[in-house]
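Shown below is the structure under consideration.
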Amino acid sequence: MLIKDGIRMDGRKPDELRPIKIEAGVLHRAQGSCYLEWGGNKVMAAVYGPREAIPRHIQHPLKAVINARYNMVPFSVSDRKRPGPDRRSVEISKVTSEALEHVVFTGLFPRTMIDVCIEVLGAEAGTRCAGLTAAAVALADAGIPMRDLPVACAAGKIDGTVVLDLAGDEDCEGEADMPIAIAPRTEEILLMQMDGHMTYQEFEEALELALKGCREVSKLQKEALLRKYETKNEVAP
Amino acid sequence: MLIKDGIRMDGRKPDELRPIKIEAGVLHRAQGSCYLEWGGNKVMAAVYGPREAIPRHIQHPLKAVINARYNMVPFSVSDRKRPGPDRRSVEISKVTSEALEHVVFTGLFPRTMIDVCIEVLGAEAGTRCAGLTAAAVALADAGIPMRDLPVACAAGKIDGTVVLDLAGDEDCEGEADMPIAIAPRTEEILLMQMDGHMTYQEFEEALELALKGCREVSKLQKEALLRKYETKNEVAP
Amino acid sequence: MLIKDGIRMDGRKPDELRPIKIEAGVLHRAQGSCYLEWGGNKVMAAVYGPREAIPRHIQHPLKAVINARYNMVPFSVSDRKRPGPDRRSVEISKVTSEALEHVVFTGLFPRTMIDVCIEVLGAEAGTRCAGLTAAAVALADAGIPMRDLPVACAAGKIDGTVVLDLAGDEDCEGEADMPIAIAPRTEEILLMQMDGHMTYQEFEEALELALKGCREVSKLQKEALLRKYETKNEVAP
Amino acid sequence: MSSHDERLSAVKKDYLVNLAKKGKRLDGRGPDEYRPITIEKHLIKNAEGSAKVTIGNTMVMAGVKLDVGEPYPDTPEEGAMTTSAELPPIASPTFETGPPREDAIELARVVDRGIRESKFIKLDQLCITPGEEVWIVFIDLHVLDYDGNLFDACSLAASAALQDAIIPGERLGKGENRPLPLGSPPISCTFAKYADFIVVDPRLEEDEVAEARHTIALDENGDLRAMQKGLTGSFTVEEIKNNIKRAQIHAKNIRKLLEE
Amino acid sequence: MSSHDERLSAVKKDYLVNLAKKGKRLDGRGPDEYRPITIEKHLIKNAEGSAKVTIGNTMVMAGVKLDVGEPYPDTPEEGAMTTSAELPPIASPTFETGPPREDAIELARVVDRGIRESKFIKLDQLCITPGEEVWIVFIDLHVLDYDGNLFDACSLAASAALQDAIIPGERLGKGENRPLPLGSPPISCTFAKYADFIVVDPRLEEDEVAEARHTIALDENGDLRAMQKGLTGSFTVEEIKNNIKRAQIHAKNIRKLLEE
Amino acid sequence: MSSHDERLSAVKKDYLVNLAKKGKRLDGRGPDEYRPITIEKHLIKNAEGSAKVTIGNTMVMAGVKLDVGEPYPDTPEEGAMTTSAELPPIASPTFETGPPREDAIELARVVDRGIRESKFIKLDQLCITPGEEVWIVFIDLHVLDYDGNLFDACSLAASAALQDAIIPGERLGKGENRPLPLGSPPISCTFAKYADFIVVDPRLEEDEVAEARHTIALDENGDLRAMQKGLTGSFTVEEIKNNIKRAQIHAKNIRKLLEE
């Protein structure tokens, strides 16, 4: 029983996000960084580059390569995860890289790579959305020119009801999950995955909810960047 | 009891081959290819090259490098084989590369490599002979200049009798197995391995049988190439 | 009970070394080599270089890189060790490389590497000291210019007593072990590790003992090189 | 990628884009036309199930092996399944030897999700001793000729090989051989987008110029079971919806091939 | 290292050496001054214990996980521990993806020796069934921001995470949850030497020009539990002795932070 | 291989070929002459058996370790054996660190086949509990100095180390120590061919110019137990037969060394 009288186990309504906290520019060494908490997820993202792409054979003569690496630390999950990429991480790194590449003006930096490091320190459900959202803020914090600030959010289905932003138990016992990422200005879809079972009507409903979620998270991203900018200006004389 | 009244378990006489079917030019993307069935063995071979040898340090300034890769797919054997090369595959790839290199006019293509892919889709016994035989046809189909069309066949010993072309149970329970590959025009030995137990006299007998087998398979190779050539001409106007 | 009436289980006094045998120039292919027995330890060391450092990115524009590789062969220890470096070997290789680099005139050979191979054939306790000591002799045998001939020895604590050069059981059941390596002319510390439990006073005592051990082993190193040199001259007309 | 390759690829793309503007494809197909599909089952004696699928020139072999193993702690009464894909050098001059790279991993995981989420394999009927022994189903996909659209070819090959598969009780001393218990297979349908033109079943050249890819796995009711958007391009919300509707039509036709 | 990098590094070193000759450091600290240290515990819900430690800008996360496993044959009634360190690319432009390289291995092993030799974890209280089942303690160190002195930051983070850790008896069906049985933690103190100047708690630039490094792990009595000399430089016997005496003073102060 | 190396190798080959035309070898040996062979056993205390073999300057250490493990399902009452070879950088400037490459794998597998097919180790006497516990024999070959003909040196070292080996029943709590049960060892004899000249026991320079290699493992009756033809050259049928007859003579002499 994941939902009762229209209220979910953690007290949320079907179209409600978990609490989200975003902080930009938290690391000293990286060119841009972001710390993000989203429900039980705790994610650190950082950006290095553009810098010379190595090994050479990954260089593209006309554009920068976006190299996102999603990584769960061993103690982020209930059963200790062995260090290093597993197949799931490789897939998430790939779709995240692809989604971010769409918005970066990669043509300005031929033959370079931009490394995007996403470290999941604590995991609850929805880590790929949290990671991509944090990575976008880190890219902006690093001053990488982008046509838009991408943002991600999932919708899914639990107990036959379409809901926004599945939490831990809802992810395990729910019926469907569909993370998406968009460029918020045009609402183009940059990332979309889905598993479970949804009719076409449920899918349309879920997509609307996920878009709504993206819009809300997008605001929080921009506020975080603004705070960072203001803080910086306060510090300067 | 592997042989009774001079007849083997699968009905063959001691000097008889299993049924063999060879088809050249079956793949679209490869430069040359061959599909071969030999008893229960099902093998696909393909050739790419000559092309620039990479990584650079494998380049030879005076000749092409032949890079044969023998691979068993996971479902080709009774107990699922984990993907990737094991020690046996590495050895077979090595001796196959060496045997093929002897007949290719490698001196025509300095600093290049010629990749020979051998995929064992179904395995019965004698896969290295089947693979090398298919690879030779694929090389010819790719138009790689060769001084001869190499061919392979094994002879061995079961129940004290020297026989040609060991099948599954004969390989497991037999007393000796000796795969060879030759350049059929000169009958030079390009590949020879042996394990088990044979007296010198049995060895001489087995070698004669294996040479006989090679001669028969060689005919089938040439017929397959001829069929491919004729089909091609039929299609052309 | 590792020590009784001031005498250790193998009959040694607290400040006594195990028997040591050093032979220089024992391999044909290497530029310099050394075979060393130290108690139950049997170590072979060899040196190649200076030669071009590959891969390129390890090259240093102003000096040679010292690349020591400490390796235990599978049958050197009681439970067979799987081939290849484990974490312990990696650490020992690193601290050994660093210690040796201090004494080599690396500035004479920019962009090169000097490979130092240390193979532990039989292990008892103190293999890193035995390996470094043998490596130093091999470097000298190879004619690599050095400001000093480094030497290593350990001291430790057993049954509350500070002793020199722990043997097998003393290492397992003792209370502390501290291997050091020095440049004997100046007695600078090139390598120092310690684990176990020592008060500051015990540490001072152990350090004195270890230095004494180094001085004694240093003599044996020089005698071995002298013997090699004399033998070579005898052979020449 | 060298500058030369890059220029060649740009020329190729221009040509396809110009065709696309006229609503045309390289081989004369319409945007909603699949190439011919063939399915052959029961080819490999040592496999519990096997199938060869071709879509145009693309050729994939799938093999199914079963073994006895421990269940996952959270599903002690269910069998397990795992899907692997290899992109071996035999299938393309650009494929390399070595452990599966990200392309092969994404491919295998998308095929796996389609099968798993449609509950095609009845894992709850694969328990031998609860909490101790269950059947593990290994699905191996081996690409032999790459001419585009590996997602659909691999999905179809996997389903066909599973339909061919038996439980090898006799070989492993676990009762009689019996067919692998199956539900209804997922059908995968993949679209490629270039220059705002969206085509089903992309062939090699279309795969190469594609900006975005959308794979949709549907069950027998046309409901969604898995989706994956790939590549660096984007889809509009309308395009996504359209793709699904188009897929529902294709899936019906392809499903028939599997039922023959 | 390119010639360019080499020249830059030489210039940097000259600057630091000139400061050192006046007894000064880049950030105005004296040779025996640590940067500010912060310790936060209990951050990660899924970890049995966790802590974030900063020393200046250096930031390290440590997590502790416990699992049930077999004891080593020679200690059938004792639990086991293992320490891993990752230097992931997030923490520095020079760190790379991939299996831990020698720097990370040395780091983890030195931290491990400090904890092990000080008997901080009471392994003899981690036996479940002698010879069969014991608790295995996994300590994972994940560097997030590298600004020098990883040895002390990692050692401190490991100790803090262990102090935060519980034995997850309930999750693994082995009785009630209870705190991890601990003794007194080791305190690690690291010195860097360049141009005969020896400073405690080297920041990044000091790490980069350092010729020699000396890490000392002390117990609550100021006794030695582990030491490691690193890098290609050397120390005199007197310098080594001095470092230990200096470390004994620092360790007392750092220990207080851990006891808060 | 650089053009420079290639030219050097061509010069070297010319020189050897010119000698060969006169029936001569670099070191004055006849084509059927081995270099001096030495065998030392019982060198390594921690090994169950060990031996050092030199053939000329070539030096190989072999070590045997035993452990208790599960039998293979198809031979529940037999022990198992495994042979590994390392070509570590100590032995040659051309050997590299890392997992065994194809040369080392071929070497180990050919040595393994000789031992296995001659039934040198009596695996049927290595059963502890049928179907459950058997002895596993690990043979490790470690090349220390490479001056040609590793196949024969490694085969001989493996046999000698096995002859030295005991079953460590006491160490592993499986009864008393006893000698490893052995039959008669295989003797390996290797020929190299260059410019139609076929020599036994090739030294380094001969290995380097060799076009074809032929290794023959014979039992005490001179019967064949394993063979391997290597390299890109070919042998005529007559040459193969001759090699075997020559090997039968050499094997008798080498066998005596092993029996001393």
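As written, the chain order gives the labels A, B, C, D, E and F, with residue 1 at the start of each chain.
The rule is simple: a residue touches a chain if its C-beta (ideal position, glycine included) is under 8 Å from a C-beta of that chain, and two chains touch if they have at least 3 such contacts.
If you're wondering where the values come from, they're calculated on a predicted model, not measured in any experiment.
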Graph separation of chain A and chain F (steps between touching chains): 3
Chains touching both chain B and chain F, listed by label: none
Rotational angle, Cα trace of chain D fitted to chain F, multiple of 5°: 120
From chain E, the most remote chain by mean C-alpha position: B
Remotest chain, chain D as reference, centres from CA atoms: C
Whole-Å gap separating chain A and chain B, where each centre is the average of the chain's CA atoms: 52
Whole-Å separation of chain centres (CA-atom averages), chain B against chain D: 31
Distance from chain D to chain A - Cα centre to Cα centre, in angstrom: 27
Shared interface positions of chain E, touching two or more other chains: none
Residues of chain A engaged with two or more neighbouring chains: none
Chain contact graph, described as a line, ring, star, complete graph or other shape: ring
Sequence of chains encountered when the ring is traversed from chain A in the direction of chain D: A, D, B, F, C, E
Residue ranges of chain C in contact with chain F within the complex: 27-30, 40, 42, 44-46, 48, 51, 69, 71, 73-80, 83-84, 115, 117, 119, 121-124
Chain F-touching residues of chain B, taken from the complex the two chains share: 59-62, 87-88, 90-91, 93-95, 98-99, 101-102, 176, 178, 183, 186-200, 203-204, 207, 211
Chain C contact footprint on chain E (complex, rising order): 1-3, 6, 102, 105-106, 108-109, 113, 116-117, 214, 219, 221-237, 240-241, 244-245, 248
Of all residues in chain F, those that touch chain C in their complex: 43-48, 50, 57, 59, 61, 63-65, 67, 84, 86, 88-93, 97, 99-100, 138, 140, 142, 144-147, 171
